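Below, subunit A partners subunit B and then partners subunit C, in two separate complexes.
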Partner chain A sequence: MSKFIQELVNGLTQGGLYALVALGYSMVYGVLKLLNFAHGDLYMVGAFVGYFVLQWFGGPTALVVPVPIVLACMFLISGVGVGGLGVAIERFAYRPLRDAPRIAPLITALGVSFLLENTMLLLFGASYRDYNTSAFIPFSTGIHIGGVNIWIVQIMVIVLSVALMFGLERIVTRTQLGRQMRAVATDREAAEMLGINVDYTISATFFLGSSLAGVAGVMAGLAFNNIYTLMGFILGLKAFTAAVVGGIGSIPGAMLGGFLIGLAEAFITGYVSSTYSNLIVFGILIAFMILRPTGLLGKVQLQKV
Partner chain B sequence: MAVEPKESPGVGVDEWVARSAERKEYPPGWRGDVQRQFERVGWWPRLGLAAAVGVFIPLVIGLNSFQLQVGIDALLLAILALGLNVSVGWAGLLDLGYVAFYGFGAYGYALLSSNQLNPPNGIHWPAYFSIPLVMILAAGLGLAVGWPSRRLIGDYLAIITLFFGEAFVEFVNNVAPTKLGGPNGIIALDPLHGAHLQITTLTGYFYVLLALLVLSMAVLHMLDTSRAGRAWRAVREDPLAASVMTIPVNRVKLLAFAIGAMIAAMAGTVFAAQQSNVFPSNFDTPYLILIYAGLILGGAGSMSGAVLGGLLVSIVLDGFLRSPNQSSYIFYGVILITLLVKLRPWSRVAIVIGGTIVFGFVAHAIVGAISSTAVAGTAGANDWIDLHWAIVPANPVTFGNICFVALLCLVVTLTQVKGWWRTALMIPTLYVAACAWEARLSQVPAITRLLLLGAILIVVMAWRPAGLLGSKRVEVV
Partner chain C sequence: MKVRISLAALAVTALVAAGCGSSNSTTTTSAATSATGTSTQAAASGGGSGSCAASIGIEAPLTGQVAVLGQEQLAFAKLAIADDNKANGTNITLVQGDTQLMPAQATTVTQQFISNNKIVGVVGPAGSQEVEAVGPLFGRAGLAFISGSATNPTLTTSGKNPTFFRTVSRDDVQGPQDAAFIVKHLHPKALMIVDDQEVYSTGLVSSMIPVFQKAGIKVDHESVSQKVTDFSSLVAKVTPDTTVVVLPWQVAANAQQFGKNLAEQKKNATIVGTDGTFSPSAFTTAGSYVSSFGPDITAIPADASIVTAAKAAFPKFGTFGPPIYAATHVLDEAIAAACKSGTPSRDNVLSAVKQTSEGTSILGQPIHFDTKGDLIDAKWFLFKINQQGKYTLVTGS
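So, the complex of A and B:
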């Protein structure tokens, strides 16, 4: 039983990250119908930004300010910085291709992803970098009942990701910007005719989605310690699939899909096999995408001719 | 009285289609004439001519072993781009798991030509038996991977095939390490052999690959001009309309996958035989991007484009980038040619080039006056440039990294401004590019190569989506 709860918490932690990255995928896919391969790499950049903020405050063993302030700065700077990077990528790479055949922006996205990965490789090398979170947030803080050990960082990741998702849900459903985003997602031309600034709306969508990925990157660094330049690619794939599992374009769906995939991965690693966990997860995801491409909460879309 | 058309097309021929040659635009002047003359030569003579050039290059120039290896890699990439062109260019199915078929071919050959299976003697089948078998199996695998394309298109298909590619690498890395070798791969493979003939020299493999390339081009050309080729293009343009025209859309898509997979597997077998070992890392995403860069640069949808792009990307990135001296010539040459071709009018070209040179000397003099160590480095091979023009500090790594990031920012800004601002901004951009190159990029060819691959995909898609030789797609609404 204790193992079950342990794996459950691990799965929720991982799932929260998937869900945050999946949200960005889902939003961008919603407004542009573009599978942004570079999104996973934005998560990687976010992890690196958080790492350097941490170093700037004196490094994990010799922090010069209280821990909560450091954490807040890491999340904020990473979120804003990566959000800005996402906006820049959209303006530079995707905007000229908005009316091109669908295959063109996909290939561009592949190129952007590759360029980001290798720029980071050039700047920071291939070696792993260590957040060393336990040096400033000891493992002993948290919940320890029986054999179950829940670190406070895990709780923070889960709580913060759920909070961010609810915040995003409110932005999308309750604010003017959210209405504009939904309008652009439904029909870009019609939205433009109604006086919505489509360029601005798309930029804002990229900013929100990318900053969530940046925050998720910092969380990954805090919770799993190791960060490296290729950490985003596979995670991006899985997060996109999480968005598909939940139903692309749907925010609760992306949350649900992210947590489901995180849980599935944790339980497969814990109970079946850790060597084959990636293979099994890939298999499940492929099967799911083939059998139910509209996802759990998605609606079947009729093709207009 | 109705106006008579000049030359009425024959009965049953659509007028719009019949006039396609007239609508085609030729560049003005001698370039148009050359193009017209070239198009009068038939496809088969052109293939023969290209093959003859390929045959004579090693004979006439006398390539050394490094150059032969570059040629072999280039031919492999050309074959792979050709195969990828079938699904991506012709059928319009974005297959991001393509490199796994290549890996499948290589591993298939490795298992059938080494001591890995059935120890201690292993299996050592002759090539004329093992290669067709592997190709047929790969076609079956292609059908399986293409199966989702019956229901999913576009992004969903892309992501599923990408999963498949990743799953292949995971599979050979983790499953049955005694058979597949895990990360250590399979080593000591037989060279291509059969019927008293054994190919062991680089020259031999060069010609084998050349023959396979020409053969695949011939077969694909026949397919392209047949019913299947027309069906692929119809499905690419509009699957719904194609199905209304009674084209069996699903079968046509699967055929594209199967044929692409067969060609990739064929390339994989020769790759494995030539290297005499296979490792999972040979078939990972970077190689996929390399194949895509070749195809996209040459022009998806055009066979000669795919081959040219594959050869070009491989020769330039793998051949010339290896030695810093040649790579610098390529770097400055490409920049110069791009400026000459893309920038008009001429006064602007002169301003940009002259301005960059002057800017460099001034910047170098100012920085040198402030601190002599800041310009003391000679990281690149072009010592003169490093000492007198580009800023290369004694410890160039950090400075080079900063230059590279600045370069990325400047390029992004450059695309956002217009007119004279753009011309003015080009000068510092070019200079920063040169500094980044001299201080950092020329020192790490492996990473530079990957950066360039990503950049090729973005730049080609933004400026010339049809690639070098592809024809512009006309959207019929």
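So, the complex of A and C:
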């Protein structure tokens, strides 16, 4: 039983990160019908921003202010900074191609992904950087009952990701901006004719999605320590899988998909073999693409002819 | 609009190519760059003024996940060339090729090296999977290449890599000796062994498992990608009986994270890493063991001057640099010998490499190759990481 609970927590921790990144994929796809392959790299940039904020406060072994303040600053600066970067990417790389054939922004998204990875490589080098979280948040903090050891950082990642997801859900369903986003996602031209500022709405969508990726990057650094410039690639693929499984374009679907993929990975590793983890996860992606392309919570798009 | 799209696509392609082809080395000229992320660059590395002029290529992961390893190898190759140019009066230059430890990129770099007539020998590539990919190409070109870290036995036994040599021991030396040490000194009832899905790692695993099984140890063989950075799910499988976890990996930082995941879940298993995890700066989990094909040259008195120069060039070097110094030195001497009988060509450099006979080397042992390209009497070393994260030699044979 303790192994089951341990794997459940491990899966929820990883799944929370997948879900946060999947939300960005889903939101952008919702408003632009664009698969933003650079999204995983925004997560990487977020992890680096968090790392440098941590260093600015004295580094993991010599923090000059209380840990909660450091964490708040890491999340806030990374969220806002990466959100801003997402807006800039949309403005300069995707907006000029908004009316171009779909393949053009798709290729551009791949280009932006390489650009981000290699720019970070040039600026900060290829070496792994270590958050060394246990130096300022000891492993002894958290829940330790029997064979179950849940570090407080894992709890924080799960709680914060769920809170952010529900916060985003409320923004989308209960606010003026959310209504605009849904209108643009449904029919951009009609939304424009109704007086909605489409450019602003799309920028806001990119800001929110990118912010979540930035925060997820910091969480990954805190929970898993090692960060490097190519870390966004594989996570981006898994998050994309989560978005497809949940139903790309659907916010609750992205959350559900993220947690499902995280849990699937953890339980396959724990009860079958780590050897088959990626095989099964990407097998799930292929199965959904074939059997249920709209995902678990996606809607069938009716097309007028 | 079409013009705008084309311009945008061109701009992005150019930016990607520029980014991918970058390197933080101190180079003078760029020979070629490709959009696939590989580049070769010629560096004037201590070129002498002699008339014996030639180039050596180095294939190493200069960027990417294990760039630390590649940069250490590059630093030691430069040192060897500078030392040998001075000693022999040669004018050997180094041409850099970044492989990122990926066979596909190593293949691209290899084709560039083969088409560069000035290159008469190559050091690297670093990984067994890369040697597997490029060996036949070098063989057809008659170009000698010497790796300082590719340890898979089949590289020399398969017959597919006729111009391949290495200055390190094979996995079937390192693997069984690591396994024997674990059986004899750590006495596990059960152990977990995790490969990182690369040729290097799977080769070592397959050489170790029979030793464990023969000793009656229950083995849980797992497999994770090098790109994974969280091992908490895997660590949850470590049972109380599993007192040893063997990690024959190439990314030392991942072994460090595995150690942290063990601590996080209050598991007391001892990690045993292989040469890929040898990194006093990245893997410092107290109580762990790390084996290596290379010695700690700081403990070899005859290497004092090299150690001083190496510390200036790459302060936190481990055991990946010295075998590359030895490999580069073999090529330097082969070029110098070829010059004595005319102009250095790929053929006569290859011939001279085969006849290498060095009584001693930076590795504290003679350098002679057998007919397959393996180092005769290659040694193996095992270190323990103490509470301060320092590596102390346990055994060397």
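As a working rule, the second predicted complex is superposed on the first by the 303 of 305 C-alpha atoms of A that agree within 3 Å, B and C clash if a C-alpha of one lies under 4 Å from a C-alpha of the other, contacts with A are read in each partner's own complex, and residues count from 1 in each chain.
Just so we're on the same page, a contact is a pair of C-beta atoms (placed from the backbone, for glycine too) under 8 Å apart; a residue touches a chain by one contact, two chains touch by 3 or more.
Source: prediction; values computed, not measured.
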Overlay on subunit A: subunit C relative to subunit B, clash or fit: clash
First, second, both or neither for A:Q176, with subunit B first and subunit C second: neither
First, second, both or neither for A:S127, with subunit B first and subunit C second: second
Partner chain(s) touched by A:T61 [first = subunit B, second = subunit C, both, neither]: neither
Partner chain(s) touched by A:T275 [first = subunit B, second = subunit C, both, neither]: both
Touched partner set for A:A100, first subunit B, second subunit C, both or neither: both
Which of subunit B and subunit C A:N226 touches, first, second, both or neither: second
Partner chain(s) touched by A:T108 [first = subunit B, second = subunit C, both, neither]: both
Which superposed partner A:T241 touches (first subunit B, second subunit C, both, neither): first
From 61-69, 79-87 or 97-105, the subunit C stretch with C-alpha clashes against subunit B: 97-105
Residues of subunit A that lie at the interface with subunit B and also at the interface with subunit C: 93, 96-97, 100, 104, 107-108, 111-112, 114-115, 117-119, 121-122, 233-234, 275, 278
Complex contacts: residues of subunit A adjacent to subunit B: 29, 33-35, 88, 91-93, 96-97, 100-108, 110-115, 117-119, 121-123, 233-234, 237, 240-241, 244, 275-276, 278-279, 282-283, 285-286, 289-290, 293, 303, 305
Subunit C - residues contacting subunit A, complex: 1, 4-5, 8-9, 12-13, 15-16, 18-20, 22, 24, 62-65, 67-68, 194, 222-225, 227-230, 232-234, 236-237, 251, 253-254, 256-257, 260, 263-266, 282
Contact footprint of subunit A on subunit B as seen in their complex: 88, 92, 94, 96, 147-148, 151-152, 154-156, 158-160, 162-164, 166-167, 170-171, 174-175, 240, 285-286, 289, 292, 296, 401, 404-405, 408, 411-412, 415-416, 440-441, 444, 447, 450-451, 453-458, 461-462, 465, 473, 475
Of subunit A, residues touching subunit C in the complex: 3, 6-7, 10-11, 13-14, 93, 96-97, 99-100, 104, 107-108, 111-112, 114-115, 117-119, 121-122, 125-128, 130, 134, 139, 144, 149, 151, 154, 220, 223-228, 230-231, 233-234, 265-266, 269-270, 273-275, 277-278
